[in-house]
């Protein structure tokens, strides 16, 4: 089942968005592994390093839209943190594009799906069947 | 064809081995110095914030860390266009001299002294020092130096304090008082040890038929002080001076394809270090030192040409000189509060820092990019500059020896020790002619 | 020996037919694990099965639907058994319904991750509290008023928060109601009056929410009130001050038809006193001494058990659709301008050009348009039709045209309304209006507007000179909705309307427990729908707040003194001020902590950890392995 | 006591000859130096004549880069009953570990090649640290590390809640005393670094460079995470712009043991095999 794409999804927005799409029976790549988190701002960078090291081809962090964090600025923190982390990867000669973020509300499942499939396509060449 | 390996060479700074190739009749054909100590500072320091460089430079060498630190700091002074205040200069001087004394102390006591006693005794340098009654002074000076460095730089090794044009560590009145006591302890100990060593080495040079060095060598040193002044040198009996090291030094291809060594312009092998300093510097004019100066001079005159023991005698002189300077600088020191401010960034793109490290002229040369990161780092260490002379002398020695015996090998190690090579210092300058750093696999040659 | 127990729900065929559950059982099987399967774990029979089988478990993993749906049920059942550890793996949404090729494989990995998490959690991250029987309602429009009435009737204390000086919202300006054309104020004003009589309702006007902390059942909210300069508790509403005011129209006034509260408000931008003059006329005539010029901005802290959000909607700012000329051409008005004019009676007097010979209603002004509102607001067609009938009543000789895309008339009586309009000779043209222009087509039309459109039924271009254009825009969330969403942690959808937890079956609930939605803040609604949704929200709130106890998240933020460097970055990072510096280093205030984990990811020394909510490396390994 | 010491890949600053005045008395009892190139004349061959477990203690004071170095360390491990890793190069790869940023491979920590009974962190270790470790070794105390504490524990600077306005380069302002460096925007590795140095650099007016090694394996990412959490959102762009050297700043002493550099190797291998 390689490759794997880990999705750290905020349980307030992104995970909800996924559920909404699931109710419409819209499909995601098998290698996409959603893991629910309290807040995108709670995703520790070491966990991302760990994910990459353990074999994830990519990590997608899904959080609430800008200004809409349930914890006020968790998503803002996450955004800054991920940008800094991508810079670190770049400096180490690692592909920064393996780390992405998507900011969606619970009603914006389509954008979440687009982001996942786009990422997946770039990782594997397999395009969305939708 | 046969190979003899001295692996590793004993009692030098850092690990290296000597490989001697003999022909079928057991005569010398070739030699190689090898080491695995390559770390690549000039490569991985690129991209680091320039202000971190003294800190990184210190890690090049644990033996002469203070010299690297100060050379780097001086390069930073240039880049940020800052002139250190007199008080800052004093503190830096104390920092540097303490390191200098510690370095010479290590070389003389642990590396050189065992060679001066009969081989039976020379198993373990600590025991030799104890047997000779030098141990207590040795430790006492070390303790005092440690105290000085901790006060001045926060730590006894790889300490900090350097800012462009300044120093970050404050010195209280009590600390200054402590420094004074400690510097006196150093001075006292060094004086005692110096006398003992002069006697010891003098005797050794008579009883030991140690090989001599080539007499006429070009010499190069920063003059007239360890940390200040300009380059001066002598080549074929003629003196010259220069502002910029690039006017006098060039890099040339070595015998081994792709590797570069430094020579004076015109491909002259040259020497840096105690011999160069002693020859090029004016007499110090410190009253307490005059006697020792003349004795040393005489000592050199009496031995025919320069010998390993002669080199060590010069080191003894420098040890005392440094202790005198340290005492003098500390005596004039006052309380200090750091007060550098208003630096908004680098002013110049390039900076060069020169100091007379214990082993000789040390050059740090940086270029930075527009975000204040190091773009080019060039470090020319004394060991690298002396390398060609060392190899020449070793080859001469082996060529002259009819047979390569255990004794010959011992003598060859004495030659190496007299040069006091510092392997960690040296092994970050492996640059191929294409400007690339050699990787491990190819890096079997000690250059 | 106690075992871990895994429950797999077939969810009818939803999971059972897609995921090979026997294989899942085989692959997850271990000595320490017992696995059960049930066709409908959430059914009464399934719950009984769950309770029976879970007995004595070390911890329970449920592979079923999304945690929000039945998580609470399973948690309650386990609590009865004294079992603290529960982990949910939503294999229905995350595997059965979404996996492209191999849902079984994916389900196995997700269950493994769940198991890894289960093995590490310590206990329930919850505690039981008695909710406060107090309700905060944000928004004093039709929804807020209805909810307030209903909630007070069942015995809840209600704080009704309104941003404006008077209650009523958009409903105040309605003239007639769709589809029966009854008089809006006849229907609505009794509600307003009963609110004034209602017990336990405290009205806070000119107020807005600025802060919230605490948890469902016991929120602490901070409210900021703008000064009214009139003491509500003193004023009797005699209105003497209105006529005493030298400014015209009066600077002290109630500029709405049915002011609730019946207390005027001083507009400091118009009042002479605030312009530095010494006028005190209103103060002098007031028999109650209610005038209070020194009034200032104030803040209040309220403790409430739950919150109903009823912030409503507003029409799309149609001036953005520049080719319709709103704001530029005086004869272009919106449906709401018209409605306001009707309700205040100004329609009959001065404001319209007479004679009114021809009027065009331009439907979908900005709606169903990617550049403006991509969606249909559903209720505007009916409102427009209703208004055109009223207009016809007032100007029987006027020709009325509706330019529409699709007429969407809701309810069984919508069609009747349409037939009535046809019978009154109101004309319908199917087609989008391209432009409203003031440049006349022929000299006799000088001074009239030109509506350019295409009749898509007969495929002919139309250039119609008219005297009045009524734009019918769609609806967007009320101003400040996004800020409120951020404050409350609600999830707005793409259009900015708040998303209910589940659209169909839980329209009043939000993702946050203890916060409900009423009225048009969750999407455009007409009055009847608004009232219905407000009643639903009130019912949900009453139900929740009258429980004897509820389970709330009890965050287990752990602070390890030995690793802490006391940099106090966490203190600043915490959005809820739940961390404070203390003599021993740091103090965690669990009642303020929301377990968001921001401090955990900010701590450089790893001194903070969320025992039960944190994501773990073992979970990662389970999905990656 | 039969003893061996090998400096491996290092600046030689952790060699015990720098600690002579601080070594515990027990060190000198019946000292027999078998291998220690800096102070005795025995060559490497001598080790091959020694039976397994015949050395009481062996010290390794640097990192490992070449096969020869690895061989020597393995041979020491085999012969020594106690192996002591001294200094940050030996434990984490140290400063030379930064070569991993520029090359496919760099030096590796000794602890990754052989197990060590005692680990003495620091660049160089403070005498106190070394002495404590050696005494524990002599007394056969197991050196189970109590959970390490950050350098901040010993730092004299003033701490209070803060946000980072912008990153400040350490090039000349007077920082000799005052508030926590992080709160001033100067990147300080103190919070992610093991204590034991008594915050020597901080007391000398310098931020911590991290020489005592990371508190745990996530230290680099943690520091970055903390900085990103502290920076004002409006200043995020400026912050990223001023983070000129993320690798050196975050992983200064322990890049060699970061999973990220291994990851790069994995990715390259993947590419090669593809």
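Here the chain labels run A, B, C and D in written order, and each chain numbers its own residues starting at 1.
The criterion applied here is as follows: a residue touches a chain if its C-beta (ideal position, glycine included) is under 8 Å from a C-beta of that chain, and two chains touch if they have at least 3 such contacts.
Only a predicted model underlies this, so the values are computations on that prediction, with no experimental measurement involved.
*Asks:* Can you name the chains that touch chain B as well as chain C?
*Replies:* D
*Asks:* Which chain's mean C-alpha position is the greatest distance from chain D's?
*Replies:* In terms of C-alpha centroids, the chain at the greatest distance from chain D is C.
*Asks:* Centroid from C-alpha atoms only, then distance chain A to chain D, rounded to Å. What do you get?
*Replies:* Comparing mean C-alpha positions, chain D is 35 Å from chain A.
*Asks:* Centre to centre, by mean C-alpha position, how many angstrom separate chain C and chain D?
*Replies:* Centre-to-centre distance between chain C and chain D: 55 Å.
*Asks:* Counting in whole Å, what is the centre-to-centre distance of chain A and chain C, each centre being its mean C-alpha position?
*Replies:* Taking the mean C-alpha position of each chain, the two centres sit 27 Å apart.
*Asks:* Hey, how far is the Cα centre of chain B from the one of chain D, in Å?
*Replies:* One centre to the other, that is 26 Å.
*Asks:* Residue numbers in chain C touching 2 or more other chains?
*Replies:* Expected reply: 573, 598, 601-602.
*Asks:* Can you list the residues of chain B that touch 2 or more other chains?
*Replies:* 47
*Asks:* Residues of chain A touching 2+ other chains?
*Replies:* 44-45, 50, 73, 77, 81, 91
*Asks:* Among the chains present, which pairs are found to touch?
*Replies:* Between chains, contact exists in these pairs: A-C, A-D, B-D, C-D.
*Asks:* Given the complex with chain A, which residues does chain D contribute to the contact?
*Replies:* Chain D residues touching chain A: 101, 217-218, 221-222, 224-225, 227-229, 231, 233, 236, 239-240, 243, 245-247, 250, 258-264, 266-267.
*Asks:* Could you please specify the touching residues of chain C with respect to chain A in the complex?
*Replies:* Touch residues, chain C against chain A: 66-68, 90, 92-94, 97-102, 105-106, 109-110, 113, 482-483, 485-486, 489, 491-495, 499, 511-512, 573, 575-576, 594-598, 600-602, 610, 613-615, 617, 619-621, 623-625.
*Asks:* Quick check: in the complex, which residue numbers of chain B touch chain D?
*Replies:* Per the stated touch rule, the residues are 6-15, 36-41, 43-52, 55-56, 59-63, 65, 80, 82, 106, 110-111, 122-126, 139, 142-143, 146, 150, 153-161, 163-166, 168-170, 337-343, 345-346, 371-373, 423-424, 439-440.
*Asks:* Can you check the complex and tell me which residues of chain D touch chain C?
*Replies:* Per the stated touch rule, the residues are 146-153, 155, 159-163, 180, 182-183, 190-192, 215-216, 218-219, 222-223, 225-226, 229-230.
*Asks:* Can you name the residues of chain A that touch chain D in the complex?
*Replies:* 44-46, 48-50, 52-53, 73, 76-77, 79-81, 83-85, 87-89, 91-95
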